[in-house]
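The two complexes that follow have subunit A in common; it is paired with subunit B in the first and with subunit C in the second.
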Partner chain A sequence: MKSLEIGRPIPRVDAYSKTTGQERYAADYYGENLVWAGVKRAGIAHALIKDIHIDDAKTLPGVISILTHKDIQGSNRQGMIRKDQPVLADNKVNHCGDAVALVLAEDKASLHKALDLITLDLEPLPGIFDPEKAIGEGAPLVHEGHPQGNVLFKGVLETGDIEIGFKECHAVVEACFELPHQEHAYLETEAGWAILKENGQLKIVVSTQSPFRDRSEVAEALGINVEKVRIIAPYCGGAFGGKDGVTVQTLLGLAVFHCPGRPIKMWWDREESFLASPKRHPARLYYRLGVKPDGALHALDVRFYYDTGPYDHLGGAVMALGLEHACGPYRISNVSLKGFCVYTNSPIGGAFRGFGVPQVTAAMEQMMDMMATQLGLSPFEIRKRNAIRCGDKNPIGISVTGSTGFEECLKTLEEHYLWKKRNEWKSKAGPFKKRGVGIASVMHGMGYGPVVPDFANAKIELTREGKFRVFSGVVDIGQGNASTYLQIAGAILNQDMAHMELVLPDTESALPSGSASASRTTSTFGNALIGAAQSLKHRVLQRAAIYFMAKEIKEVDLIPGGVNHFTTGKEIPLSEMFHILDDSEKVAAYTFTAPTAKENPTEDQNLRLHGVPHLIFSYGVHLCYVEVDELTGNIEVKRYLAVSDCGRIINPQTFEQQIHGGIAQGIGYALCEEFIVKEGRVRTPDLATYIIPTALDVPEMDSIPLESYEPTGPFGLKGAGEISIDGPLPAIANAVADACGVRLFRSPFTPERVLKALKERENREFEH
Partner chain B sequence: MKINFVLNGKGRVLNAPSDRRVIDFLREDLGLTGTKESCGAGECGVCTILVDGESRLSCLMFAAQLEGRNVLTIEGLASEETLHPMQEAFVQFGAVQCGFCTPGMILSALDLLKRNPHPTRTEIREGLSGNLCRCTGYQKIVDAVEATACKKEKGPPL
Partner chain C sequence: MKRVFLPHNLEELWRIIAGEPKADIYAGGTDLLVKLRQNLINTPSLICLERIEELKGVHEQGDEVMIGACSTHTSLLENPIIQRNFPVLTKALNVLASPLIRNMGTIGGNICTASPAADTLPPLYVLKAEVEIRSRSASRQMALKEFILGPGITCLKAGEIVSGIWVKKVPGFNLHHFEKVGQRKALAIAIVSLATLFKISGEEMVEDVRLAWGSVAPTVVTSNEIEAMLVGHRLSRQVLKKAAPIARAIVKPIDDIRASADYRRQVAENLLIRLGSVQK
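== the complex of A and B ==
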């Protein structure tokens, strides 16, 4: 077998076990004498808890235990930045999905019966569901003690002088955009399995993105020693940000103490998952953009509100990333950006692929097209004239360094046949169909920002069997990073897949390496792994050189399964090298911490803590063909092109998977995914009412990566997991405007909304 | 009740309450966790199995309905050493990401090819439209099914 190489489309190792059904997800753990755990949820958005009646349920046959907040020893609070979410609600419920009581039962049927028998004595409070209203005078408070009222976090970034800037403008465009919640809808709903071992260890197998952070959260919320908690993170059946943070972990951790030695399983059903899991923040964004006569962007005023529901989750950081990306990949000299992340009684807003960037990109990229129309410029031209380049100051005042391929992306788009043939394609629309083509620019920062250290610790060892075993520290949530780790280590160690082994994240064997998030997964851990693999390689070769009595280390090199001595042509298998190396030499570890921006756009330490600014960005430009049916209002995306600058590509197949997947989720966000919440109650509780794209709703996609190189990335790579979800909504909106001259400021662009907009346009034309 | 049926090529006589959902029967009683559950309501296709060669949603079936049937789950598809060509194509073409939809998707695709051995790409999309995938955007799944139909052995010229 050929040894692994960087840049080759090697099929993922996990694909084999996943196609045969052998791969064991967290949801697949059962076991002898299994206990089923489930929670009673509030069902009402805002209320005081007067009483929790559990007696009837408690005496039900098959019920082992029923627990409430009174049974929790620790802080009963969880959260990643602000710990404001109870494990089990104590005095108040703050949204419909709040967990109030935990039931342990012998089987699923008894569990459900018991959950029905628990009754909650709740005194309803007025709820607040609109983030802008929530910060107004007299709005009901979600957290009475919070010093800023319902404002979880406010961020401001300013450069130049916004007032003078607008005075110098030749044209100004203004608009307000409204975007709904987006639900992750990963196919594996939240699932976990736990057991309290005889030695007092609490072992939790869970579908998570952040095993090491979970470990401390569980310990703190429940008041147990962190050393006693072990988290094992198998492949996730999808996560997309929704499993970054605790879901079932603390509940399971609480449960185990009430049936020690027995395995416990919790697996939310679809409705519970939709109700209780965090979602993409609904947003309202006010944009005002001004340009000079030559089309140069000159002033941008932005104010936006993200609805984070009752808990921070990662809402503050999501808002901050949105703020940082609010201007797009352009040069603008006068900028005023204000973002609010606001507590309400809506479902929880949290991390979702894109992390606050899809919302601002939706607004900014539509503003660009609206401005182009006003100036009589083409959408392409206005972007080209303002494109950010290496050496520029970005709109928030940070120098743009490193690989910056945005202009290259535009050039690549311009030369692509889908761009060149657009007018021809548009002219061929059938009766009652209108065709349009839209573009959108995207950029996406990588990593945690300047304050929270973005580090990873890679570990690799030589096994008795003569294989290199990589201990992955960052979860593979479906994106294939685990395989890429083997490819990286294999390339350095000159091994084929047969001589590489993988251990998935386990807090007992892996080293802390942060979460699978922020487009950092392959970059940060990859860099650490390069260090670890190189150091192990050096040790093996040093020992081999002595073994072969070579004059210099250069005379020996690794080959798949062994070491070769060039001078004599002799080989020694790795399984023998295992015995030659000292025990301490067989394992190598390496720490890598990602570089951060040296400049500082703000005095606000809190904004820095929440991640502003980033140093390294991926870039891209998207193009789509849409066809609008004038009779039904239906929008069909016919073709899609994504040109991306994500640095050097380690595995083209896995890279393309990420681009495709993000586009599909972005198309859903644009066209059909509308998570409907009325007075805090979920009206789209299942996959029949919350519609995600099927194979018929996603077009054929082209993905073109630039061959760029980011000096700080492993082998030149930059993050690629999120950027592709930023573009589809504005690209589609711009294409629809191109097709039929209407722009919808509220998404998703459902047939009803499109028809209504078409009608309104007709009426306007009629009036004139 | 006693249920007499063929499971992954082997005749079995097993005990199960007649109203046990087939998905629970497979996953919990028989340990065949390759069949996944995602909605429990017939909306996602993740729990697809083949019953007498036709795709069925195991979350909507009761154990009693298996009486006398021939059932294939994802575990029964590959032979000892080699993957089924459809599985191989899913691997080679990059049709697997998180993989939670994969078992159901592969079995639905087999059902599709049985009914329509040479589908167009649009027909493949139609045939798989009852199986949701949240990760891939479907294109590579369509590639894999198309390649299997064309009996292409190798992966794409990437």
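== the complex of A and C ==
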């Protein structure tokens, strides 16, 4: 077998087990004497809890126990920055998905009966559902005690002088954009399994992105010793940010103490997942952009509101990342950016692939096209003239260092046949069809920012069977990073896949690492893994050199399954090396913490805590062909191209899957996905009403990686997990405007909205 | 838990029905199981028609075709008799749900569910299909448009099943067209649909036409008036534009999460306009 190499499309290690149904997800855990746990949810957006009637349910046969906030010893609060979400609601309900009572039952049927029998005595309060109104005078407060009222977090970034800047401008464009809640809709809904062991250990197997953080959250919310909590994180059946934080963990942790020794399972159905899980923040963004006569961007004034629902499910950090990306990959010297992350009684706004960036990109990239139209420039030309380069100051005043391939991306697009042949394609539209081509630039920061340490600890050991076992500290949520870890370690240790082994994250065996998020998963853990693999390799070779009586360590090298002594041609299997090495030599560990920006765009420590600024960015430019049906308003995306600068590519296939997946999810965000809740009632409760794209709705996609070299990344890579979801919405919007001269400021661009806009345009033309 | 009966022939079926008069009947289960999950089915037992061979298949009998009620959508899509004689039905089946659902769902189930958005109904209306109904002791046949009374309501009585659908061949109609507007390309519930049969002369003149709209009223909408307006003309924009307001007037759509009534009215009209550019 050939040893693993960087840059090759090796098949994913999870491919076979997943496609044959053998891989065990958290949702697949059962066990003898199983207890089913489930939650009674509020079903109302804002109310005082007067009473929770559990007596009828309690006496139901098959019911083991019913728990409320009164049964919680700890803080009963969970969250990552501001811990404001109760495990079980105590005095108030703050959104319709709030958990109020926890039922443990012998079987599913009794569980559902009991949940139906619990009644809540609620005193409704006026709800607040619009973030802008929520910060107005007299709005109902979501958290009475919060000093900033309904403002969870406000961020301001300013450079230059915005007033003077606009005075110096030759043309100004202004617009307001509105974007909806987007639901993650992962295949595997929230699921977990737990048991309280005899030694007092609380063991939780859960579909999560953040096992190490979950561990402390569970301990704190429930008032138990963190040492007693063990989290095991199998592959997630999708997560996209929705499992970056506690879902079933604390509820299971509470449950186990009421049936010690018995396994407990909680598995939300689709409707519960939709009701209770966090969503992409709905946003309203006010943009004003000014340029000099030559098309140079000169002033940008941005004010936006992110609706975070009632809890800080990373909402502040989401908003801060939006703020940092609000200007796109361009040079602008006078900038004023204000972002508000606001509490409401809407569903929880939280982490979702893109993390606040898709919203601002949607706005900025449409502004670029609107400005281009005003100036009579091509959308390409205006981007090219303003493209950010290495050595520039970015609009928030941070020097652009490291790999910066944005201009290269533009150049690649310009030479691509899809760009060159666009007019020919557009001219061939059939009857009642209008064709258009749109582009959008994207950029995406990597990692946690300057304050929260973006760290990973890798561990690798030599096994008795002569294999290298990698202990992954960062969950594979479906993106394939676990395979990439083996590829990285295998390449360094010169092994083939048969001699590599993987242990998925388990807080007992893996070393602490950050979450699977922020486009950092492969970069940060990969760097740690390189260190661990090199260290173990060195140790094995040192000992092998002695064994072969080699003069120099250079005379020996690892080969798949063994060590070779070049001078004699002799080999020793790794399984024998295992016996030569002392236990202390068979394992190596290494820590890596991602570098952070030296410059500081703000005195606001809180904004820094929430992640501003980032140091390393991936870049790209997207292009799409769309066809608009004038009779139905339907938009069909016919062709898509993404050119990306995500540094060097370790596995081209995995990379392409990330780009394709992000485009598909981005097409859904642009065209059909809109999670609707009216006065606390979910109007899109399931997959029949919440519309995600099918395979037929996604066009043929081309992905071209530029493969610049990022010196801080493992083998030169940068993050690639999120950037591709930033582009589709504005690229499609720009293509639609190109096709038929209408721009919708509210997404998704449903056929009904498009048809209405077409009609309005027709009426306007008629009047003139 | 519910008992599920799986009869293998009609005789067995009648015996089971007699013993389980309260049982619900199903074929592919793609509608019934959704309701079951939502706790909308309270019957103690279920009888599945899926294994009864007598209820499956497509049979050519002179100028008529009999489609077994339990034929799956996939089997009909692949059937040469259907492909040859009823392209309008094939076109609708092609955009019904997804391959997986089409493998399970049946044409009888689609009819008996009697959803305003059912995709096979507009084609079967323009084909003037008849429904064959059977019980242990009797058999009757009636026009599909008489059989369907409203959303989810049919003429089916206790102890009866739909055994087949009779469709006359339509050699005179040389252009079959079906268009469905949904929220995505597959797994979409129709917002508006239009099935059309045309007889177009060598001079591009409409000699005969049948139209049926889906999803814009409690049941499928047809219009003799519009059909009469089109006969004797070429399908020019002008002619269609004249007929379009009538389409708007005869549909009775609702507002729902998928679309507003206004949009449905507009599109019902616009799908008519499209007919001018449908390729033969």
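Here is the rule we use: the second predicted complex is superposed on the first by the 768 of 768 C-alpha atoms of A that agree within 3 Å, B and C clash if a C-alpha of one lies under 4 Å from a C-alpha of the other, contacts with A are read in each partner's own complex, and residues count from 1 in each chain.
The criterion applied here is as follows: contacts are C-beta pairs under 8 Å (C-beta built on N, C-alpha and C of every residue); 3 or more make two chains touch, one makes a residue touch a chain.
For clarity, every value in this text was computed on a predicted model and none was experimentally measured.
*Asks:* After lining up the shared chain so the two structures overlap, which partner does A:D14 touch, if you call subunit B first and subunit C second: first, second, both or neither?
*Replies:* first
*Asks:* Between subunit B and subunit C, whom does A:R270 touch in the aligned arrangement: first, second, both, or neither?
*Replies:* first
*Asks:* If we overlay the two complexes on their shared chain A, which of subunit B and subunit C does A:Q22 touch? Say first, second, both or neither.
*Replies:* First partner only, subunit B.
*Asks:* Examine A:A664 and indicate which partner it touches, taking first as subunit B and second as subunit C; both and neither are also allowed.
*Replies:* first
*Asks:* Is it subunit B or subunit C that touches the larger share of residues in subunit A?
*Replies:* B
*Asks:* Check whether A:G430 is in contact with subunit B, with subunit C, with both or with neither, and answer first, second, both or neither.
*Replies:* A:G430: touches subunit C, not subunit B.
*Asks:* For A:Y235, decide between first (touching subunit B), second (touching subunit C), both and neither.
*Replies:* first
*Asks:* Go through the superposed model and pick first if A:G478 touches only subunit B, second if only subunit C, both, or neither.
*Replies:* Touch status of A:G478: first partner only.
*Asks:* Looking at A:E752, would you say it contacts subunit B, subunit C, both, or neither? Reply first, second, both or neither.
*Replies:* second
*Asks:* Given the touch rule stated above, what does A:A688 touch, subunit B (first), subunit C (second), both, or neither?
*Replies:* Both subunit B and subunit C are touched by A:A688.
*Asks:* Quick check on the output: what are the common subunit A residues between the subunit B footprint and the subunit C footprint?
*Replies:* 688, 693-696
*Asks:* Applying the document's contact rule, which stretches of subunit A touch subunit B when the two form their complex?
*Replies:* For subunit A paired with subunit B, touching residues are 9, 11-12, 14-16, 18-25, 27-28, 30, 184-189, 235-240, 269-270, 477-480, 652-654, 656-657, 660-661, 663-665, 686-688, 692-696, 698, 700-701.
*Asks:* If you look only at subunit A, which of its residues touch subunit C in the complex?
*Replies:* That would be residues 430-432, 631-632, 634, 672, 676, 683-684, 688-689, 691, 693-697, 750-752, 755-756, 759 of subunit A.
*Asks:* Residue numbers of subunit C touching subunit A in their complex, please.
*Replies:* These residues of subunit C touch subunit A: 98, 181, 183-189, 191, 257-260, 263, 266-267, 270-271, 273-274, 276-277.
*Asks:* Spell out the part of subunit B that touches subunit A in their complex, as residue ranges.
*Replies:* 27-28, 31-41, 43-44, 46, 73-75, 77-78, 83, 87, 90-92, 94-103, 106, 121, 124-126, 128-142, 155, 158
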